[in-house]
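The structure appears right after this line, and notes come after that.
In order of appearance the chains are A, B, C, D and E, and numbering begins at 1 in each one.
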Amino acid sequence: MTAAELHDTKLAAEKLFQRKRIIGFGIPAVIAVYLTYIFFAFDLPGLAERANLDNAVTLASDSWSHKVHVTRDNRSGEITYAVEGERKGTYPDGMRPAWVSGDEVTTIDLGGDHFVRYLPDNRTEIDIPGFPLITAQAEGRLVTTNLPDDLPDWISATDRRVGITTPEGRITLTGARTEVFNYFPGWELFWFTLDSPYHGQGLGTILFGEQLDPNRGNIAGAVSDWWNNAMWRHKDVAWAIGETVLMAFLGTMGGAIIALPLAFLAAKRFSPVMLLRAATRRLFDFVRGVDALIWTVVLARAFGPGPLTGALAILITDTGTFGKIFSEALENVDQKQIEGVSSTGANPLQRYRFGVIPQVVPVLLAQILYFLESNTRSATIIGAITGGGIGLMLTQAIQTQKDWEEVAYYIILIIAMVMFMDWFSGWLRGKLIGRKD
Amino acid sequence: MLQIDTLTKRFGDKTAVDAANISVNKPAMIGIIGRSGAGKSTLLRMVNRLSDATSGTITFEGEDITALRGAAKRDWQSRCAMIFQQFNLVPRMDVVSNVLHGTLNKRSTFATMFNLYPQADIHRAIEILDRLGIAEQAPKRAEALSGGQQQRVAIARALMQDPKIILADEPIASLDPMNAQVVMQSLRTIHEEDGRMVIANLHTLDTARRYCNRVIGMRDGRIVFDGSPAQLTTGVARDIYGAGADFSEAATSTEIETLDRPEVREAEAYA
Amino acid sequence: QEINEFRIGILGGENAQDRMNSYQCLADYTTEALGVETKLFAPADYNGVIQGLLGGTIDMAWLGASAYAATYLQDPSVVEPVLIKVNVDGSVGYHSIGFARVDSGVTSLDDMEGKVFGFGDPNSTSGYLIPSIEIPQYKDGITMESGAYFGEVRFTGGHEQTIVAVSNGDIDAGVTWADGQGNWEDGYNSGALRKAVDAGLVDMNDMVQIWKSNVIPEGPVVLRTALPDDVKATMTALVDGLHERDADCAYGVAAGDTLGFQPVTHEMYESIVAARQAVIGN
Amino acid sequence: MTGISLSSAAPSVDSIQTAYMAQVHRRRLYGGLTLLIFVILMVSGFHVADDRNAGGFWEGLHQIGDYPADVLSEAWEKRADLPALMVKYFPALVETINIAAVSTLIGAIGGLFLSLLGTRGLAKWPRLIPLFRRISDVMRAVPEIVIALVLIFVLGGGPVPAMIAIAIHTAGALAKLFSEVSENTDLKAVEGLTSTGATWFQRMLLGVLPQVAPNYVSYTLLRFEINIRASAILGFVGAGGLGYELRNSMAWGPGRFDEAAAIFILLFGTIVFFDQVSSRYRNRLTEGQGQ
Amino acid sequence: MLQIDTLTKRFGDKTAVDAANISVNKPAMIGIIGRSGAGKSTLLRMVNRLSDATSGTITFEGEDITALRGAAKRDWQSRCAMIFQQFNLVPRMDVVSNVLHGTLNKRSTFATMFNLYPQADIHRAIEILDRLGIAEQAPKRAEALSGGQQQRVAIARALMQDPKIILADEPIASLDPMNAQVVMQSLRTIHEEDGRMVIANLHTLDTARRYCNRVIGMRDGRIVFDGSPAQLTTGVARDIYGAGADFSEAATSTEIETLDRPEVREAEAYA
């Protein structure tokens, strides 16, 4: 290469790199500009303000712990003990937690030397280490206390309501009620509710110990009490998961069954009539574009709430998606095999059966099974809007915002369900198509 | 028994086969040679009715093949088996099922949809496979076989049709010399033992010379040679292949042992 | 004319499963009374129940007044109101309550100019319909258009979400329902605020009431018109007598202490229907 | 048959026939059983779903057009208002598209790292490959709605929770698709770069990305399409955008069906538009590389 | 300057390199021969630190190479370039970029991300390409080049590193004889003109004899020969390749013109 040529080559190379630099800087720059726009469009600066870290803390701590309410009705003087303050978690008459003692004066030991004493005449004493003893008296709508004027931020007090939050528990006092919340780790009553004879019994006792309920065998009784647990409702949860998977299964398989013949109409190779082909394709585009969610709403009028409606919504959308995928697969079939079968004098049906189907089945099965997993997720969402199932339970549990341990339970179940479906469809794919294709 | 009369096939402007005339009076082993694009495949495909002729007729034992439609056409196809360069098997199905496809035309659509073949057919399929020396492969998937084995499966499928004619479109073009020999030998044996007519497109001269008792040469859609292998001189071959003086026969050879060429029997068999 | 199952729709307000549990006793009584299987459905929002009634897939529901009006406006012949809940003091109404956080400095609607205001469900009477009529009457210049008097008007999706949104500061003020009896610091005797307090979600010391509507009539228990007359009669009697028969069950079904149910007719809701028609149009 | 009969020492034809017939019978049995199980599952599944649904399938079938008819007739009556309404809801549409775009962008970047760190031969810390794979499995398994609802509780309503939720799921889903591609990358180029003393980042950037970029971009576009739907759906549960408006207008029912129709047209048009554009572009990207 | 001391590499049970000792005192052109699996690649990969030694040390100018970690290791790699049988270029990138990859170790990640190579480097890359006779290919994608050209790009990348040592793992095994000659000649020129040490795995004897001034023979992981090309008799070669009496040197030849073998210079160069 002459010196001049070499010089030109160098210049050309420099130009090349200049171009590359422009692209190299340009793409990140465009992304950065877009993200800046989003930063303001989504009001991220304001987000820090709006974000509620207390909620995050509540969520995080509540999801693995539970609280027991000790409530005194200041009108009747009656004291009730209830897990999560719920009716179905209420201690039966004559039963109370071990950390509550005394008859005339009810002493509640919150742990860490924190004590609350319910005294007669709607008086309350709260003994917190490092803070003067608090006494309170409820009268009509008012609560009078010996609290000083400048309060630490863990006490909020007016003459009608006092709230005290300590690491050991929470206390609220109003004219009508005095309430103590004692926190414990774990999902209480997950196995048995308080009214079950099996509550508090170890696995060994239930399996091998003496009969706890005269009317039932231990194992049968325990299983039935667990299954019908009113607090955690394992039976309903199981049904809900079943419904969700059912929606996904029926929707996916139904969609595939309907899409297969239609896909032949949409594939150039098999459908010579242009108009018919175009019409089928537009139909696929339409049902896919409308989206399962809107189909759910549309179908709700005709079929009402329930899993069938969800399944049909998935079915309709998937018919479009499968139709598109299947017809693409059909257009890519290898003509050689069809020709081989034709040359033996096979009729058209036999040609499809042996020339086409064996080729497309692996593609179709793989897609169907992939969608089975992804539709399990869709079914969760659709359920939250109309169908029911675990999705509805989850959304409502989150929206009512009290049982975060239930939310955590549902989330774990949903993730397990989807991962199971993922594993299962992969396993089935391996069985049906062979690991490698 | 087979008469091809001014058979012509046009694709748009392009005349792929141009007024071909062939007449065969008794089962023969016929090789068709010619360079790529000469119209060999097109001719065979019209005989099997995989594609329709533009004009001209094919008559077999007095029956006008070109006029057949629907079931009659499929019946003809079942009597006239075809073997392809790329084997055209169903790769995901097992070998026996592929062979059984040869019976599709005789069995009810319903039964075949569910792969329900009579036991007798299955036994016969395995016997045919055994004849071709690949019975042990019977339960394997076709795609698991080597090229030569796959082509033998294709021949087995053809035999399963119990056809009068076997058409083979470059049956050995995708095979290595070793397998090519096995496949050509099989076709030859079928022709000799069963007395079936075999028409094979071949792209190498020496194969045609070695196995066929009649050779047809095509060039640009026209039949330019029709005679015994012995008549196929280098000059004629140059003509067929449209090659210059530098044409060397060996350039098209796929033989392993070019020396050990068997006597071409029945060279006088064609009309 | 025969029915082979009876389907009860339940409106939102609680955990779906809690609602189902509260209604299970009613379902058992229904099965016993009608001799057919009874099913409970708890769709995600008001519209789910309305669609169910319109499509004939739900036979009975206890609607809000506005949800009833929505059903009526879409098809007047599809359901008929039969019963209404009676409060402990004998009244048959409740209120829509506007509220804000104490530390937001908002004490009345006057302070809300340019701020974010939140409704609940679009089909809710107290969470949307009534406040959207009565709030503009508070003083001249208030409209419920986003960006007019209020800086933004938003739907949170339901009463619970409104309370949470206010307490989170997502919205400056919102409306929800309460019976208006009892004490503010308890969240009144019943209603969405009380439930939130019971759940430990909000501390009423942090909240301030900024507006209160006139009395809103309780929603009706409705039956599908097309049901056989004997079924309608049986169900009306069953719900009417529920309080006497099983107070615990009535507590669950009516979401609190009541004196039971009393008969009601469409006339009771004519004003609500008119209001809905005026606000949403038809 | 001379020369080609290789079946000398092989099993006899009889035994092959018997063995094959046994195989055929077994296959028919299994095939029949599989079909039977599938049919039973479908039929019984349908019955369970039908039974647990408020309305039955057969009773509801003839009403299927009622709701769309209501919406369409009202929208048709007020068709003159539709353009104005579409303009009114356009900002909501932009928000929905923005949510999808940002979450796809962030998710793709996350998925990129997860996949590189979880692919044998490319991972920076080979020991941690199983960890990164599990992380992406879990991220993929969580439905967007779960994260969105939890985040709405913590962060308040609006587009951000939806964006984060979709981004998380997208990262997991793309990580899996990306790893399938990067597992097939040619490691020779990477090794070549290693031999010059390049850092891990340089190796990925210069050795891997140029090879996988077309496939990655194609998958990302596909995901963008999916995310537009996801973002609209999350609007239904309070995450803002077009879904929120659609849910409200549908809840109001008659009187506002024109709004529902306008929003629906916007949403449908957008989905179909991006679907067509991205599938055309994806085809262009992947067709150049014949394999 | 380079000392390899009882260097060993085990893969599970398999000892790929078994206590190899090599000592090089001045830049030489060294050929390593041995049959497939002898451990040649493994040895070179340990020197470049692409893989870690099981035991033993490599010392270069007093520095213990085997002990280097992180940035120091990468710095060593930048001083010790490697050329591969399959070229190991980035196929979708242009030739200049591939050559510039030789400077990666000196440039920050950020700079490489945005293609911020200094102008001087770009010019030098072109000059190196020119020296190897492929400057015209500079803007093309690497994958668009022929094998021989790609290998020269790989050499250019190595030169761009300005290394003390160039390791070449069967640099001509994927090339046709014509290209093989060009590539080996380039390596030889680099050794002679720049005075760089070149260590090349070669699978053919005659190439080693022709271009190298020292030959190392490996067999089953052990070094069984270390001497000048002249000392490499057929008997020794048989030993290295573990072949019987029928071993013919030509069997391993890739040369075009075996006759025109230049004098082997500096045959006495090794220690």
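The working rule: a contact is a pair of C-beta atoms (placed from the backbone, for glycine too) under 8 Å apart; a residue touches a chain by one contact, two chains touch by 3 or more.
Being a predicted model, the structure only gives us computed values, none of them experimental.
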Worksheet entry | Taking each chain's C-alpha mean as its centre, the one farthest from chain A | B
Discussion item. Suppose every chain is reduced to the average of its Cα atoms; which one is closest to the average of all protein Cα atoms?
Written reply: D
Fill in: Higher-contact pair (C-beta pairs counted), C-D versus A-D
A-D
Item to complete: Report back the single chain whose CA centre is most distant from the CA centre of chain E.
Response: C
Item to complete: List the centre-to-centre spacing of chain A and chain B in whole Å, with centres computed as mean CA coordinates.
Response: 63
Practice prompt. Between chain A and chain C, tell me the centre distance in angstrom, where each centre is the average of that chain's C-alpha atoms.
Written response: 27
Practice prompt. Indicate the whole-number Å distance between the mean C-alpha point of chain A and the mean C-alpha point of chain E.
Written response: 58
Worksheet item: So what's the Cα centroid distance for chain B and chain C, whole Å?
Response: 82
Item to complete: Indicate the residues of chain B shared as contacts by at least two other chains.
Response: none
Practice prompt. Hunt down the residues of chain A that sit against at least two other chains at once, touch-wise.
Written response: 50, 52, 55, 300-306, 384-385, 388, 395, 399, 401
Fill in: Per-residue multi-chain contacts in chain D, two or more chains
52-55, 60, 63, 66-67, 153, 156, 237, 250
Practice prompt. Let me know each pair of chains that touch one another.
Written response: A-B, A-C, A-D, A-E, B-D, C-D, D-E
Worksheet item: Which bits of chain D are touching chain B when the two form their complex?
Response: 1-7, 10-11, 13, 16-17, 19-21, 23-24, 28, 31
Fill in: chain A partner contacts - residues on chain E that touch it in the complex
94, 96-97, 113-117, 119, 122-123, 125-127, 130, 135-136, 138-139
Worksheet item: What residues of chain E sit close enough to touch chain D in their complex?
Response: 48, 50, 73-78, 81-82, 84, 86-93, 97, 101-102, 104-105, 109, 112-113, 154, 157, 161
Worksheet item: Which residues of chain C touch chain D in the complex?
Response: 7, 9, 39, 41, 45-47, 50-52, 55-58, 70, 73-74, 121-123, 154-157, 161, 164-165, 168-170, 277, 280-282
Item to complete: Sort out for me which residues of chain A touch chain D in the complex.
Response: 31, 34-35, 38, 41-44, 47, 50-53, 55-56, 59, 243, 246-247, 249-250, 253-254, 285, 288-291, 293-294, 297-309, 311-312, 377, 380-381, 384-385, 388, 391, 394-395, 398-399, 401, 407, 411, 414-415, 418-419, 422
